[in-house]
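The following blocks contain the structures, represented as structure tokens.
There are two complexes below, and they share chain A, which is joined by chain B in the first and by chain C in the second.
What follows is the complex of A and B.
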């Protein structure tokens, strides 16, 4: 595993040497900012109305974390379901399309090192995006008094969720030479996992419901948005990463012996 | 050809599975699944020779090795997921601990009988999230709590069976399995205090409360403004059996009484009725007296013997109003409570009284005593009640009128006597707070129900404080808001795009 940092560093450099990652991050920040300030503005209007009408007892119900931060982060997670496949699409598909994967496969690097190195590079990108996202709640801390730990739970949840679907999208990228196919399939898979909860409700079998609800992603990031950090959810995202990275490694390994 | 067939088969199978979960027509699902399976099987059969060559060769052995390793890792991952679901560990990162069950609830969950509790939640799809998160806290802590969620729109027959008429979410709690709506307790707000109350209602023994009648007391079945019908319904929801008690010439308080309520009598009790109550209380019974001012019930003397002084006064309070400034009112608003099981969960809650008198513990009283509810420092006990009755005039006389805080309610545990354990007594200087017009205001219902819980020895069943997230707010001017919105929407993405341009230029160079 000693080559992993070198691969990750190479991938990060490569990501920032083309405008794609910048454009994606820029678009994400624009949409996220638009949604966040919409939510914050709505909160301030509610606050003004409460004060204007003297409904001071309602002030006890006003909560920046639930009304602004958690709502916004719920939408950010949906944005991530679109953004992460685009960030991951080039991970393996580009190498396969250009043929540079041959160089990697014939080098002394193991498949695990290649997969983990590339995955860590994507995680670094995701960490950067989450850190930039943290600027929004930071503004609330400058002008208000939201709860710190609940906000940290929101950030942790957003990161864990994105890390989980990044592993899935890496696997998809390893299956194809086309970046567009990788992005589209990754996006469909991410969105399907996001809405699986709703599909669970329409089945009558309790076992199927439980399985679908567990497999779906939304039930695993919603508790975190409310400030409830559950081992089950962290394990879920960890397991998701482990399963898809091992499948990704199998896909990469198969390129050696096929 | 074979890869195309395999892809077509996979697509058909995938949409067959999706249709299965989405509840599509059986024939459609079946056709997709069968068609997909057939195409995949045909494709595999056509490729069988190639597959055999691959599996049998060097690359096949390497591939098998990778497949085994991958399956092993997936198995370990699945096991981890299973263990994490079976052994839930949660961390509540909210300041008010809104996702943590209170000790009273945990204690209750320990006492659930082996037959268990079944909880049916009827919520429209997508609106059940809050209810699920609260109910998960219960199921995580006790294997004896089972929950089932149903959408009343999709299961109308089931909804009708359980008498679910509202489209709003409803939770039914039942001891054992829920077969019909009978015997279930309904909860409309998915909050811990409501759910715990419902669970204890279905598992606790029924307690019997008698309400004294015959002296102008508030009527149990009176649904007019000054009756007790609402309070009676809530008591029944809390698993109490409530009945009227006419002492008169009878043998006294029945043996099955867990508590007796005397709510606002306006005529004097007969001496033998007072003697019956005295015998009952000193024999270990529990008595609640809600004594209004400006009336005589004959209970003043016995109450003094039981260690409680009823003030011959009327509590007046100076209250701030929105437009008229400070006003004098005879409707005290209480937000200060003594340290007692009946009131310890009412901190920060408000209870409202209407025409109340002061109550105090007699100086020579032995046994345990506590003041339950206290008025504010701007109140006083108006001793000139005649002026108030005659002309609605009040004014504090520093010589005769005691200044607040004044006790409006006290609780006493009488010392054990020859006839057994000492009884429990609660005296409130007002009965209106429990009547239909006022009982739903503020936390009046909680105060009343907590008093009764303490009297019957179920103080652990007293109200569980409603947990709300800590209130938070932000003060930001419109200029600063506009500036930050501009920075966030335009400057930040713009900076990133400028970096993109630089990266492109550097790469091009």
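What follows is the complex of A and C.
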């Protein structure tokens, strides 16, 4: 594993030497900021209405964390289902298209080193995005009094969720030479996992419902948005990453056997 | 230095290389000749560990590529037909990166990069972004990455394809210097006969995936010349084949 840092560092630098990473991160921040302050504005209007009509007993339910932060982070997770496939699409597809994969596969590197190096670089980008996302609730801390732990739980959940689907999208990228195919398939897969919960509602079989709920991603980040970081949810994302990184390694190794 | 025994590579039903065996001793410079689609690139890819053979063994610098792939791959410097460059990187960063993934210790890396850039005439463009270089210079960067870890064996796959006549002469001269002055073992695949005449001392001819000839260049010259021998062997094998390279 000693070559992992070199591979990861090259990937990160290369992500920022083209406009792609900047464009994606800016677009995300723009949309996320828009949604966050929309949600905050709605909160303020509700607050004014409650005061105007003298419904003071409702004030107790007006909680910044639940109404503004947790709800916005739910939307951010949905945004990530679109952003992460775009961050991951080039991981292997580009190297296969340009032929630089030949450099990696003829160097004394193990397939694990290549896969982990690239994955860590994407995790670094995701960590940066989550850190920038933290600026929104940080502004509320400057003016209001949200709960710190619940907010940190939201950030951790957003990261764990993104890390899980990033492994899936890396695997998809290793299957094709086309970045567009990688992005589209990765996007469909992550959105599908996100809405599996809705599919569960519409089936009558109890067992199928439970399986769909467990396999789907949304059931595993919603508790985190309420401030409950559960070990089982973190395990779910960890196992998801492990499974897809193993598949990704197998896909990279299989390139030798064409 | 290189020992290939019974090498066979199939892509589905297509047999690209069939039962090829040869040995290359230390310090030899061997030309691997064949018409396009004869199996040159596939053989080079098996020699460098990029492809796993369907059958047979490949041994490089004493390491069996199937049993000790990392040690075997570390002993080879490889310039594929399409140089495996990252166009957004700067020349010296790229060559340094290749050195590091090939296990050159950090303390010696700068010196290795320096020597490779110097040998390939890249010292003046070291801080240029690779994308902005001409095709000939990009080929030099490809050469620099192949030699930066100072491997025992160098494998070049059609190193002059797609270059203009001046660039071809430059690259050929560079390879001749790398091959002769440093006493390395070199395998050069090409379909340009003049390239073999200029650089190599031994020639292997492959056609239709089969090894047709393995002889010192002098002997080939005596028996009618390289062009005559090449034509004879390719025609005997059944003419030109339609298959192309590609991943």
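The rule is short, and it goes like this: the second predicted complex is superposed on the first by the 258 of 258 C-alpha atoms of A that agree within 3 Å, B and C clash if a C-alpha of one lies under 4 Å from a C-alpha of the other, contacts with A are read in each partner's own complex, and residues count from 1 in each chain.
FYI, a residue touches a chain if its C-beta (ideal position, glycine included) is under 8 Å from a C-beta of that chain, and two chains touch if they have at least 3 such contacts.
All figures in this text were calculated on a predicted structure; none of them were measured in a lab.
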Clash or fit (per the criteria above) of chain B with chain C on chain A: fit
Which superposed partner A:34 touches (first chain B, second chain C, both, neither): first
Of chain B and chain C, the chain that contacts the larger number of chain A residues: B
Superposition-derived angle with apex at the Cα centre of chain A and sides reaching chain B and chain C, degrees in steps of 10: 160
Contacts of A:17 with chain B and chain C, given as first, second, both or neither: both
First, second, both or neither for A:108, with chain B first and chain C second: second
Touched partner set for A:152, first chain B, second chain C, both or neither: first
First (chain B), second (chain C), both or neither touched by A:6: second
Partner chain(s) touched by A:100 [first = chain B, second = chain C, both, neither]: second
Shortest CA-CA distance in Å separating chain B from chain C in the superposed model: 5
Touching both chain B and chain C, residues of chain A: 17-18, 256-258
Touch list for chain C against partner chain A, complex: 11, 45, 48-52, 69-71, 73-74, 76, 78, 80, 82, 84-89, 97-98, 100-103, 145, 247
Residue numbers on chain B that touch chain A, as the complex places them: 18, 21-23, 58-59, 62-63, 66-67, 69-70, 73-74, 76-78, 80-81, 83-85, 87-95, 98-99, 125-126, 129, 133, 148-149, 151, 154, 322, 468-476, 480-481, 484-485, 488-489, 492-494, 496-497, 499-501, 503-504, 506-507
Complex interface listing, chain A residues touching chain B: 16-19, 22-23, 25-27, 29-30, 33-34, 36-37, 40-41, 43-44, 47, 54, 59-66, 132, 135-136, 139-140, 143-147, 149-150, 152-153, 198-204, 206, 208, 212, 214, 222-223, 226-232, 235-236, 238-239, 242-243, 246-247, 249-250, 253-254, 256-258
Touching residues on chain A, where the partner in the complex is chain C: 3, 6-7, 10, 13-14, 17-18, 96, 98-110, 177, 255-258
